[in-house]
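Labels for the chains are A, B, C, D and E, by order of writing; each one numbers its residues from 1.
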Amino acid sequence: GSSDDGDTPAAGGITQVKVGVIPIVDVAPIYLGQQKGFFKTRNIELTMESGQGGAAIVPGVVSGQFQFGFSNMTSLMIAQTKNVPVKVVANGVASTGEAGKDFGAVAVRKDSPITKAADLAGKKIAVNTLKNIGDTTVRESVRKAGGDPSGINFVEMPLPNMPAAVENGQVDAAWVVEPWLSVVTAAGGRAVAWNFVDAAPNLTVAGYFASTKLIADDPDLVKRFTEGVNESLAYADAHPDEVRAVLATYTKIDPKVIASLTLPKWPTEINKPSVQTLADLGAKDGIFGSATPDLSKILP
Amino acid sequence: MIKRLLLVLGLPVVLFATWYAASANSENFYAPPLRQIMVAFADTWTPERLRTDVLPSLARLGAGYLLAAVLGIALGVAIGMNPRLRAAFEPVLEFFRAIPPPVLVPVIMLFAGIGNGMKVIVIVTGCVWPVLLNTVEGVRAIDGVLSDTTRAYGVTGAARLRYLVLPSASPQIFAGLRQALSIAIILMVISEMFAASNGLGFTIVQFQRSFAIPEMWSGIILLGLLGFLLAELFRLGERYTLAWYHGLRDAQRRS
Amino acid sequence: MRKDDAMLKVDGLRKVYRSGSREVEALRDLTFTVEAGELVCLVGPSGCGKTTLLRCVAGLLEPTGGEVFVDGGPVAGPPPGMAVVFQEYGRSLFPWMSVRDNVELPLRRKKMPRSRRRELVAEALASVGLDGTESAYPWQLSGGMQQRVAIARAVAYEPTILLMDEPFAAVDAQTRADLEDLVRSLWRRLGVTILFVTHDIDEAVYLGQRVLMLSASPTVVQDELTVDLPAERDQLHTRADPRFTAQRAHVYAQIQAAKARTGTASGAAGELSSADR
Amino acid sequence: MTAPDAAAPRTFRGGRALLGLSGLAGLLVLVEVLPRTGLVSADYLPPTSRILAALADEAATGPFWVAVGDTLTAWAAGLAIAVAAGVAVGILIGAVPVLRAVTASTVEFLRPIPSVALIPLAVLLYGSDLGSSLLLVVYAAFWQVLVQVLYGVADVDPVADETARSFRLGAFARVRHVLWPTALPYVFTGVRLAAAVALVLAVTAEMIIGAPGLGAVIAVAQTSNAIPTMYALIVVTGLLGVTINIGARAAERHFLSWHQSVRGEIPA
Amino acid sequence: MRKDDAMLKVDGLRKVYRSGSREVEALRDLTFTVEAGELVCLVGPSGCGKTTLLRCVAGLLEPTGGEVFVDGGPVAGPPPGMAVVFQEYGRSLFPWMSVRDNVELPLRRKKMPRSRRRELVAEALASVGLDGTESAYPWQLSGGMQQRVAIARAVAYEPTILLMDEPFAAVDAQTRADLEDLVRSLWRRLGVTILFVTHDIDEAVYLGQRVLMLSASPTVVQDELTVDLPAERDQLHTRADPRFTAQRAHVYAQIQAAKARTGTASGAAGELSSADR
């Protein structure tokens, strides 16, 4: 193993840092920041480790194989209720807060009878992960639109399969994020609910986190990383064209889609009330079991 | 009987005891003490849970395994008996064999939807290979003199299959079936990672994602127990079907 | 060769085994005929190609040259109504079947009631002295018993042409005599055409109407003897007959001659050549 | 133990390769036709021509070959460890009946545990290094070899075994000269099974953990909805499988030339 | 029985095969001794338990009762310096080894230079008439050639005790005679103790110093004959000797008697009993 390669400053005081990320649009700022040298100037040499979701990233961070990781807020709150020793160190990505212009939505096919969020009640909806941020926020959308969310049948499905599943009628609707949202709409599909927008204004969707051990042992590194991320977030938010350019480097998204897809917001501040709302929604849907997440333990 | 029980349980007991002792003071979040796991096991795998999650899984497992066995043996016999057929099909089969199920599943979903059918197909596509390969090799290895005997006496077609090919290849076919059994369990888990809402695999993955680590380990232990139980059943079936084979080998070794 | 209605006609048969760089000419040029209902014995030194010949006749092996005709037609696969007792008797029994099932298997193709089948099986096993072993597996039997199961299988099949490759090699003298008489009575009763390979010259003369003697390899038909003994034979009197003694001496001398010609004292290893190593 | 190389087998081998190619060609045509007839949407299963175009694009880039190299490294190392361990343990357990009886239940308990369930453990121990891939690959492939070896060792002809015993061959000589050749055909099947499983696990581990390699590239293609590229990469995985099998078959023809399964097919 | 320095002592040997509900008493009660350097032949009806006896002596099979002593010590596993030629010669050759390697394998354990080993192998193969086949695989040989490879393996091993189970069953008459002389010369040259199973009564008398006759099962030693022939024997004169004829007649009569007693005409099937089916 190489469990502590990253902790020891390499020659010239540069710290090697591994960040566990999912190679999707949400993490564009950190790639952009790396390109722009926002981490170099803070004596951090970044390596991105692209895992497929929490199964690999969280254990990697907990064991010190990665110094930082990227995860959605609901997963982090679930982790907190189970006393996983991790804590958010920087904001990750947020909803645009504008219905019709967000980076994730519930979409149906062209000729679907479903036209508004309330119609989703009792339907079969695909989400990429059950009992997580997707189903809780979609339920909230339906609830707010006056529908009954209790009868919704959520099925788990990888995002790449959703456009086909919607079109074949395997599911009635799917919660998709970019770039699949663009793919569905390009094929004639319609967005019928903007679940992030409906859940809370300017919802903070995800964040960068570290293990509590690292935070205690090397507060300086954490501070430098947080600053680097914040600078990257601000820069990305201000330079959408450069974001689209950097997307082409670490993803294989079709250039036409890159040009047109809706980018999320990258504020540097975590919207704590919105996270609290997420926590409440999750608790309502029972995804934390009997526990309730303690935000003070998870947010900086 | 007692001796057999000792043999079966001896090593597992020792290993579990070691695990128990070694993990007693574990601070590691992902490797909790076995004590905790055992508590979680009792809490998690209630009869209700077994009915709603394990039973559907077992049904899919059974369907997939049987289908794979039939398909593997049928295809294997055909390919094993005909070198030309084998030459034509082997590259295509090897091609599919090398594709990982997590990549294949989305493709299968395109055709088979997201229901139980898809999960059964995933199980079949994974565990047909050991049966197929072993059947092919078993059929190829049929003793020349035996094969000549059936030909000379005009035992052909279905009779040849039934009285020569299948029995003669059966030791190796059973090796394949034995392999396929544990692979079927593994693929049951993998298939339930996609588009499932119940099942043992789904539950374990759900535990893993929600950081319920002792519960996840308890699920893995349950998988192991399941594998062990099925293997015992399998052993009984094999003892019965291959009685002549084991008799032949034991008679001269131990009598 | 002789008449045209021969049951078996072997014409210029040649067989070369090729595997890798090794090439063995097992049969060089064999030509002979067996009439329908004839009992012909085949003798020849070890390794001269008797088994090879039998396998070509049975349609189990493709000749390198020449042709084999059974019942007028050229042999492509095993001809119908043929039974073979293989030299490797142990390996020709199915280890997963009881003795009964082994004997019964070839009968299944013949349309006959189950009871008749059982009867044939029981009779055949009794005639080789194996009653009582029906439910045993072949590997629970002694070598000689296994060989007798293989014979019983051929007998129960009631073939029209019967090929036997040293079928009595593993049984004791007394059993051997009994089996010889069994084969002769079977032959006379059913009018089977029999080609019988043996190493025992006495046996060849006692059993056959004719004895074909093969040379050591490169193998050709070295000599042929029409056995000048009455059709009614029995162990005691026939073997004491001076004609019997004379004829076995003739065969013996021929085989000696065959061996002497190949140089090596006791083998037929001469035919083994290595093409390029 | 030379492989058959006379003129006749060679032409047959040439024919064999042709037949195999025609089988693959059939698959290519099928995949070209299926989307074009509209049975499946070309958006989700692109026709062969587009997949091949994407493959050509990929093959022109350096990182692609690095990824192939990484995957093959993990595959080869994992397979080698699994085969060595599987054969050694299999012969040991198979040859000593007491050991077999004692370990049987444990083996059956451990075998059905999916490698994917061990991913957190692997990451815990090795992060996203080669080590994690190796752990998963070895764990999965080991059992395949082990079970085959166990059945192979049980297949020893009693007469052959008695011959060896009557000449008082030592334990090692009996393993080397009797057990091993008997088990070899089973081992070959085991290695072929394990080779594919190792490839599958290497790619899966790379996909999920993000260890460098083809799997990681596939994961990126998947999360980017780059469908032709994804299929192109799948094709690469499949072709690796085909290549590996060709190698295994060649080795088999060489080492098992004495075995019924090989000699039975050489026209005598 | 006689002296105490016996090479082989079989004492009250009993063997019952049990498998499932089937029980076969192969040997009931065998007691005999073989002195060091003796050549004893064993005859008996097919299925009477000769192979079983040999396997017990070789330490390959656990007796149900009684004991076997080789060289003074009780037999637990195969005793050192022993070679066995199995009745199933085909299966006792390793198909994955060339003829040369098959013969050489047992020699590897003996500390001797490689060249000496090669020499022994070549000599042994030549003595059975198989020179030229060294690099062939056993399955490329005829039945008789395979059997001779098995004999060559035993010969090359230069054993102190040699067990042979119908070793000449598959070879022709001439080769058989040559091999008989080979065994006798080997025995006289090396002073090997030999236990030789055969179905050929002439062979038993020609080869042995003593002939042990087993009864049909339930098997006991039925009779024993000390062969009253000069130590110098040859095929022509010995077989013409009137003493030879008398003695073979005696053995023949004994075996006839053994068979007659068990009722069935030609088999040893009587011993097969079914415990509960």
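Methods note: a contact is a pair of C-beta atoms (placed from the backbone, for glycine too) under 8 Å apart; a residue touches a chain by one contact, two chains touch by 3 or more.
This is a predicted model, so every value here is computed, not measured.
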Could you work out which chain's C-alpha centre is the most distant one from the centre of chain C?
A
Find the two chains joined by the most C-beta pairs in contact, please.
B-D
Just curious, how far off is chain D from chain B if you go by their C-alpha centres, in Å?
17
Counting in whole Å, what is the centre-to-centre distance of chain C and chain D, each centre being its mean C-alpha position?
47
Name the residues of chain A that each touch 2 or more other chains.
53, 55, 59, 62-63, 158, 160, 164
Chain E: which residues touch two or more other chains?
17, 19, 88, 91
By the touch definition above, chain B meets two or more other chains at residues 30, 106, 110, 143, 208, 213, 247-248, 251-252
Chain B contacts chain D in the complex at 7-12, 15, 28, 30-31, 83-84, 87-92, 94-103, 106-107, 110-111, 129-130, 133-134, 137, 140-144, 171-172, 174-175, 178-179, 181-182, 185-186, 189-190, 193, 201, 204, 208, 213, 216, 219-220, 223-228, 230-232, 248-249, 251-253
Could you list, by residue number, the parts of chain E that touch chain D in their complex?
55, 58, 60, 77-78, 80, 82-84, 86, 88, 91-92, 94-97, 105-106, 108-109, 137, 139, 157
Would you tell me which residues of chain D are touching chain B in their complex?
15-17, 19-24, 26-27, 40, 44-45, 101-106, 108-117, 120-121, 124, 143-144, 147-148, 151-152, 154-156, 158-159, 161-162, 185-186, 188-189, 192-193, 196, 199-201, 203-204, 207-208, 215, 218, 222, 230, 234, 237-242, 244-245, 249, 259-262, 264-265
Touching chain B in the complex: which residues of chain A?
53-55, 58-59, 62-63, 75, 78-79, 82-85, 126, 129-132, 153-158, 160-161, 164-165, 168, 170-171, 287
Residues of chain C touching chain E in their complex?
17, 19, 22, 24, 43-47, 49-51, 87-88, 90-91, 128-133, 135-136, 140-145, 148, 166, 169-176, 178-179, 199-201, 252, 255-256, 259, 264-270, 272, 274, 277
